[in-house]
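Alright, structures below, take your time with them.
What follows is chain A paired twice: with chain B in the first complex and chain C in the second.
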Partner chain A sequence: MSWHVDPAVMERYARQEVGPADAASIEAHLVDCGACRARLHVDPARLDRLWAGVADVVDEPSRNPVEALLRQLGVRDRTARLVAATPALHMPWLVAMAVTVALAVVAATAGDRGFLFFLVLAPVLPIAGVAAAYGPRVDPMYELTVAAPMPAFELLLLRSTAVLTSTVLLVGVAAIPLAGEGWLMAAWLLPALGLTMATLALSTVMSPIHAGVGLASTWAAVAFLNVRGLAGGDATGDLASRVLAFSPAGQALFLTIAVIGTFVVIQRRETLEIRSNT
Partner chain B sequence: MTTVELAGIEKSFGSTRALDGVDLEVSPGITGLLGRNGAGKTTLLRLVATVLAPDGGRLRVLGHDPGDPDGRLAVRRRLGYFPQEPGYHQNFTAFDFVDYVAILKEMTDRNTRRDEVRRALETVGLTDVMHKKMRKLSGGMRRRVILAQALLGDPALLVLDEPTAGLDPEQRLRFREIVSAIAERHTVLLATHQTEDVAALCDRVAVVDNGSVLFDGPAPALAERASGRVWLSGGPDDGARLSWRTGDGRQRHIGDPPGGADLAEPTIEDGYLLLVGDRALVG
Partner chain C sequence: MEGEPSDRVLLGAIADADRSALQTLYERHAPWLVLRLSRRCSDPDLVDQAVQDTFVAVWRKPGSYKGSGEVGAWIWGIGIRRLIDQLRRRPALAATPELEGIVVSAEDQVLAGVEHGDLASALNALSPELRAVVQATILDGLTIREAGRLLGIPSGTVKTRMARARVQLREALA
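And then the complex of A and B:
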């Protein structure tokens, strides 16, 4: 090495008092010059901070799109990570959900029965999502989750809220072309909320997946039996307005179910913390 | 000092009785649960890990009753658990996996949590591969990652269910080194169906079969039970309960030896086979 960094310049470099161009030049020289490296005295505390910063960037956990979006929205890193691990928020599930909703909306624009099909299908989607959000059959890390100090109830609630929100947003946005049907286009919301809370309530006595399948099947069967005896109307929405679930009384019933379901989940949350069977 | 205490513990799944009045005490050091597949080891460990509730009996872990919510939380805060078939999310790296469990273990401060994750991965010797996807790691490395999550927070009790299953001899040796180092400070409860693990690692051993504890004592005492009941001969022997051909071409027998038999030094495996008998063959 034919030259060495001037001691005064080196002092200023160590105190971070040189400009970026000079710093880059000195660093390029330091890489190859052991003598100058030996003369460089850096505050050990500062060095530790720098290394910690480098390690933090290198060890930044990989983020899937859901986690990245949640972080953008200001959600705390640990909450975003727990939510993003929800099976019902993984990309294949979301894509399947979007395709289903799109097909249902296309059917809804085709006529009276298609619109009814959309209203009956829409509440099933959050039930399916919540059923696939947490539990021994859907979460590969369930066993570790149960043995950890974080309450299972808190995780279930976090994930269910995320799934319900994402599904409602998805269906809500997709249903914009149906805005001409007035309030009836939103008649699926209270059944969705009521059935989701009922799924969570039943999850305190059986696995969420069994609860979801049972409730979705019951909902579809009751809707089918109700519609079977009704004749189609002339305009879109005629048939739906005569289905019990979408009448004012039906809406009140699902609101009541949602309230009771919430109460049951809170009362029985302890059953989620330790299993009595397999 | 007793870390885990089970008294008259019962557990059934439908009509299957998995544990039938189990009495066991576990102290600091390494205690091995030895038994064939389906003997009840995993059920016992899941009870201790507070995943399952017993149907009957008395269970105390680290001085707490896991049936009580406060007691259970206290146990979980000092527990490291390695389940028998641990899964992972497909997109997780080794670091992600351990970090995720650290979040579940209430490590809220990001920097402290990441330091702890790095420490745990360093303990199992996986610093170099911590940013590799779990699915791309070898089976042995994956099991070490799973051990790393169990070590988070320096737990007072480690519950390990078949941690060496599927490992090659070198990986098994590495695993034993790690676990024995941990056991110098903490209690390790380890289920295995490999007598080599017990011989290499355990201070105490409990033999579990059909939901009951058949033996509970120091590991050498299990071998001692077969003293005078193991012999070698050139061919089959009617008095043997179990026999097999050894590497030198002779037959090793366990049972009631004939007079003048060439008695062999018993091993832990001999003691275990003598206890479990023919049932060991169907495990």
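And then the complex of A and C:
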């Protein structure tokens, strides 16, 4: 390009001292003239500050879909990141869970025993998710979360809610093919809620992992013994509805456990605070 | 240009997540963008935010540059729209320094006459309101609606002012 803006005019342009026509002309020229652009003077401190802001965003690790969704829902940035970092919300975990649920549903369509297997397995999934939601062994962000300006209790609650919601949704959707079983197809919901709350309550006295593993195996063992006892007797009626846990009395029991568990968790939330700091 | 990579080459590198390419592009284009946006908005904070948003947008979507026209013009298109986004969030602050009436020095008048001929004096002779509309639509390449947002006036007003400016320019250039 042969024509260039006079340096003195350029100087006045930078100070906003030229008229509109000149400014328009200079601006049109600057769009494709690198030489003139390079002669513009803007406070270097301002440019450095702006670049630092751009670099912050550029260097920020990419958000995972969970975090993006939470932000869409209006959750604060920091909270969204802490919740999104929940191990049980990560892809490998979700995929593993989806496969497990899919297998269980396939088994469930195969007959009574398969259906029982599904009902017993379903409540274990949220326990596993909640147990792994918070703790030094499983959480890659544990050191960060302990130092995070948010009560450990609040975080555990937030993450548990996120895990419970995602698990229940996943299992619920997967169970649609079992709709023929009537209300029994939803009989796992209350045990899932009760056992999850019990896990949280026990987490105030022991690590969430131990609490989760303990409760899940107790649940599985009791269910197994119960089913074996039933199979020995006369096989009349629906097998699943005769298992204690899925009978009306059993359902009421798990609802009670859920209520008590919630109460204990609220009462003992400070304990969690102290435990997470040691 | 002295063997330095062209803007297009830089955009290609940015598409491959080359951070230093973005920095080079920023060093080349941020100064004029800051100055040009400052002429459209008197609040430096909004200008700063718009400039940052612009380069973040360049980083995220370098592919939206279609390869036609200057990279500078493309960056300007993003920048002015980011500024409008900022103004929309804080509409009370919409104000163009242009409207405050910058005094044009005699020297500038002469310069304009020499370099741009009659068009420049015709443009300068427009009232600040009409000139702002001409600048936003014709020179900055905004739509009627975007110009209205930038200037803080309804679209209908942008249209009537453009029509008036057209008549006035036609008379001045006749």
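Please note the rule applied: the second predicted complex is superposed on the first by the 199 of 278 C-alpha atoms of A that agree within 3 Å, B and C clash if a C-alpha of one lies under 4 Å from a C-alpha of the other, contacts with A are read in each partner's own complex, and residues count from 1 in each chain.
Simple rule for what comes next: a contact is a pair of C-beta atoms (placed from the backbone, for glycine too) under 8 Å apart; a residue touches a chain by one contact, two chains touch by 3 or more.
All values derive from a computational prediction rather than experimental measurement.
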In the overlaid three-chain picture, which partner chain does A:P20 touch, first (chain B) or second (chain C), both, or neither?
second
Could you say whether A:V9 touches chain B, chain C, both of them, or neither, answering first, second, both or neither?
second
Tell me the contact category for A:L47 with respect to chain B and chain C: first, second, both or neither.
second
I'd like to know which partner A:L30 touches here: chain B for first, chain C for second, both or neither.
second
For A:P92, is the partner it touches chain B (first), chain C (second), both, or none of the two (neither)?
neither
Chain B and chain C contact sites that coincide on chain A, given as residue numbers:
55, 58-59
Within their complex, chain A touches chain C through residues 9, 12-14, 16-25, 27-28, 30-32, 34-35, 37-38, 40-42, 46-47, 49-51, 53-55, 57-59
Under the stated contact criterion, what part of chain A meets chain B in this complex?
52, 55-56, 58-59, 61-62, 64, 77-78, 81-82, 85, 139-150, 155, 270, 273-278
Would you mind writing out the residues of chain B in touch with chain A in their complex?
13, 49-53, 66-67, 69, 72-73, 76-77, 79, 81, 83, 85-89, 91-93, 95-96, 99-101, 103-106, 108, 110-111, 113-114, 117-118, 130-131, 149
Across the complex, what residues on chain C touch chain A?
1, 19, 22-23, 26-32, 34-36, 38-39, 48, 51-52, 55-56, 59, 70, 72-73, 76, 97-98, 102, 104-105, 108-109, 111-112, 115-116, 119-121, 123-124, 131, 135, 139
